[in-house]
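What follows is a group of structures, each given as structure tokens.
What follows is chain A paired twice: with chain B in the first complex and chain C in the second.
Let's look at the complex of A and B:
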């Protein structure tokens, strides 16, 4: 019983650790090794990713613990460039591919040239969603966590993470202090995370709301800083019910744009020939506010059913000063079929409203002034990034877990994700290039996750 | 929003005098009752949804960031 008491104490402490996105060290005197492989795939030849993860954690005699995690992420495929589908063919020159080709020519790298040679510019057929086929990146993440009990029921948690991609680097440090009350039935925690990002887009940082293709840049790189504060309460409600409640505040400042996203500019629904290049049409680079404040409310319940089954119900509400409000409901049932076998059906519902500067395209006259070869945006911010649009999404999945002996487990999970457009249509003139074209690309994706955990 | 927060905190506070004795915590100690019973799965999901939706966080800090073009 003492052991059980200690274990639940640890779990509550770990609930706090979860605040830091760090550890789940659960046992003494050995390393717990968790490994997993994610294979993620989007429909219509969009993004494909392969992501292996290795996590090592160890608990020491003084009940302190450390956690080390390494993630590698290989991404390929096509990503929407932000332009609208139209009833005529559209040719784009990929800034990212063009920069890579230029670099490869400088380095005399024939292998790279061959890879990108035919993808420097791409043409999208009438009616098709403009996808940039040169999307390719690798991401490596290293994160560390350290938890240590202090006196008087306090626990301290410190951590850090470093993440690097071809055009993006992120560094973060975090700390949290938790305190147990009521014989460890209640844990209150407060955590702080500081993140510094550096963005160096292929081809430089495009000047916001200027013509795509003109090549105007504001230097080669930019930065972003994020501060997150989180207050958490974990409560044992009764013998079968554990609850967690988190309140999160986040302040992000700096470069928030997606440097590869553009917006179509139309005149009464018709594409406008680029004043500088008669072979292409007029598009502008997007622009977002430099600051973003978010607040989130997260409530999770774990309820034991019978001897081994568990219902997990989570709800999150998020709101920010870009007018995005979202609701997320997450349901999982842990069905223990036998001692060594379980199934976990899962359903997630998500719904968000659009950012106030989200728009599928820009209208010449009211939103962009086009006079000869002079193009001036009349709006301060605009983005057609579908992530900022209004949509709902369903995720359904099933996980199967198999115990291999007393200290190792193999699991396989399959999930399917589908977005549904909730945006109101922006008016277009009948018979124009944009008439009848989809204004929001609903994403369909699926992923398989293979996991293996053992003690060493 | 703030009101909701205060109400929930008050409810949690009232339930603070939990009568669950240590020897009644057998169910709560099971791995499937952990609030984050598969942290790697949570990390994958956080990354996927961060890349495709405008919301993130709630459960914890992401850590590591993402360009996510």
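Let's look at the complex of A and C:
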């Protein structure tokens, strides 16, 4: 575009603010409010979620700022229970629904009974993926952050977060110290996050690797602690290119299991009748190590192109001592079509290897000893959670943003996600119940986010 | 002008004048407290003089001289100077090469005295070898100029001083005030009595003055007033295009722009002149309030 028709105002304003610095950046006497509504939906009527987000931030005279974020999630739908699809019908008794029914009966709560009465047990047709239909949860997250500059080019950041859902509570505190070097061209930061979680599954904490339906529990709740350490370097390469490196270390210890996930036990590929209950088959509750150490490396580039376009390229590598290694490549292009309209195409590629204890099912004999009504796991850990399996995934999306006046913006984002199974097939005897059954349920999901940002 | 600072009490406000930056610097302060007005005026003057000392191209002891005499060596800049150079670099990019702090050398060829004496093309051509921001190596905060090149911050210096003084006064005083350095000005309003600062803008033809009310905003004017050359009926303004080394033709005589800072207003008005016959079209696309006098 020729200069005579080109709007240079926005870049000129940015350049002027950078030059005149904080003295010109008058303390804003308003709250910057970002609100968004996310609607997430998995294919095949699996999990559906509605998530309103509210973010408030404000800057003060002394260049300090605070940020308050509230998220509410309402999740409903069906979630895989971890068992394999089989060529025969399978009936499951949902521990979480059973506990809810029991509670409702005690409270004489007819509404709850109506809702869950027929979900205490559920039957899965031959060939179908076993999904627990009683998946329902509400999550509330509240987080607070406070940033203030200290002397000598240091900036301090303190924050905390609280998250609560029916069977899970999480509390965390974090702190970070950043320092500018080289005329603010380089920023080095060091951050620490401490998190304490409490898990109280419906129906108690199932004893790991014991029979599903037997009701063995290890108390009603358990805990987990996470420590994260992060070192970051942000470098202004030139006035159009910003680069960032982050190195993260994470140590998590305590209860790592998904209390609702089970594993199918088979004998030469055939389901085994539960020795305690001839109406159902044999499944074991999963078990994961009590500790997990992760290391991650993140490299991001933001490059300004033309007048107002920005290309954002990020790569992340994560490795942990469960043998899960992942690569993420993320590409976003901010295309400023006019002063008040932009488009943001987005693509993400993700690939991970499986945890060393990931398995789609357990074999009697080599992995589980079944003698009469005595069932003993011969492995220390096992999980069929697809999140611990090997897969790759593509995410593609598009965001449209529309400026409404000088201080508010409306945006709409649509993204689709598709997983691809990368696991090697576990051997199954020909003609058995599991022969020809999918060992990994590829997830397809899409979401729409409507956002509105304004000053208040 | 031998005086240092002049304080005048006017109708409900005070005026402080001092000479600096080759023009008359004026600060209007919405107070009847003379002591306070004097203190603020001295604050304004000391900041102005600091900037003038640091960035004047007529001095031999400042950072501009150090850069221009580096003879190919790399100079590491302080934060403030690096900020100004970075700003200039962005302007070069934004204006597609029209705004160039290395173009000051062209003054050696051009003298705008109203005559018809154009310089020989070869003289201009020779100077262009040492002009062009793209020949400069700028890796903040390190600046390296080729030997023979020079920088001159005169194109943004006065506007920068107005904005800096505005920022100083804003910190020190709660009321309304106006900083006016030879027509480039920035105001904070409204005054305590509810009125706005009134400023005069020359309208379409010279001599016709329109009074405008200015709230919290800045105004800058660029023009060729008496500085031009006239030959064969073509009026050469004193605005030189660093890409050709020649003056812009068909530019308005003066352009006045209102913006949120004096720097922005100054850049808009200067760039408009450089657009020549397309000045008004350019300003209209910027969505700013402006007056153009042809």
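In the analysis below, the second predicted complex is superposed on the first by the 429 of 456 C-alpha atoms of A that agree within 3 Å, B and C clash if a C-alpha of one lies under 4 Å from a C-alpha of the other, contacts with A are read in each partner's own complex, and residues count from 1 in each chain.
As a convention for this text, a residue touches a chain if its C-beta (ideal position, glycine included) is under 8 Å from a C-beta of that chain, and two chains touch if they have at least 3 such contacts.
Since the structure is predicted, the reported quantities are computational estimates derived from the model, not experimental observations.
> Name the chain, either chain B or chain C, that contacts more residues of chain A.
B
> After the superposition on A, what does A:238 contact: first (chain B), second (chain C), both or neither?
both
> Could you look at A:310 and tell me whether it touches chain B, chain C, both or neither (first, second, both, neither)?
first
> Using the touch definition from the top, say if A:252 reaches chain B (first), chain C (second), both or neither.
Touch status of A:252: no partner.
> Between chain B (first) and chain C (second), which does A:328 come into contact with in this model arrangement: first, second, both, or neither?
After superposition on chain A, A:328 lies in contact with chain B alone.
> In the superposed arrangement, which partner chain does A:185 touch: chain B (first), chain C (second), both, or neither?
It touches chain B and chain C both.
> Once the shared chain is lined up, is A:302 touching chain B (first), chain C (second), both, or neither of them?
In the superposed model, A:302 contacts chain B only, not chain C.
> Pick out the shared contact residues on chain A: the ones touching chain B in one complex and chain C in the other.
Dual-contact residues (chain A): 4-5, 7-8, 11, 15, 18-21, 23-24, 26, 182-183, 185, 236, 238-239.
> Applying the document's contact rule, which stretches of chain C touch chain A when the two form their complex?
The contact residues of chain C facing chain A are 77, 79, 82-84, 86-87, 89-91, 94-96, 98, 139-141, 160, 163-164, 167-168, 170-171, 260-261, 263-264, 267-268, 271, 275, 278, 281-282, 285-288.
> Could you pull out which chain A residues touch chain B in their complex?
1-2, 4-5, 7-8, 11, 14-15, 18-24, 26, 34-36, 38, 40, 51, 53, 55, 69, 71, 73, 79, 135, 137, 139, 141, 143, 159, 161-163, 165, 167-168, 170, 172, 174, 181-183, 185-186, 191, 193, 195, 197, 199, 226, 228, 230, 233-240, 242-248, 250, 258-260, 294-300, 302, 304, 307-308, 310, 312, 314, 316-320, 322, 324, 326, 328, 334, 336, 342, 350, 352, 355, 387-388, 393, 399, 411, 413, 417, 419, 443, 445, 447, 449, 451
> If you look only at chain B, which of its residues touch chain A in the complex?
Its residues touching chain A are 1, 4-5, 8-9, 12, 15-20, 22-44, 46-49, 51-67, 69.
> Which residues of chain A touch chain C in their complex?
Counting only chain A, the residues touching chain C are 3-9, 11-13, 15-16, 18-21, 23-24, 26, 182-185, 236, 238-239.
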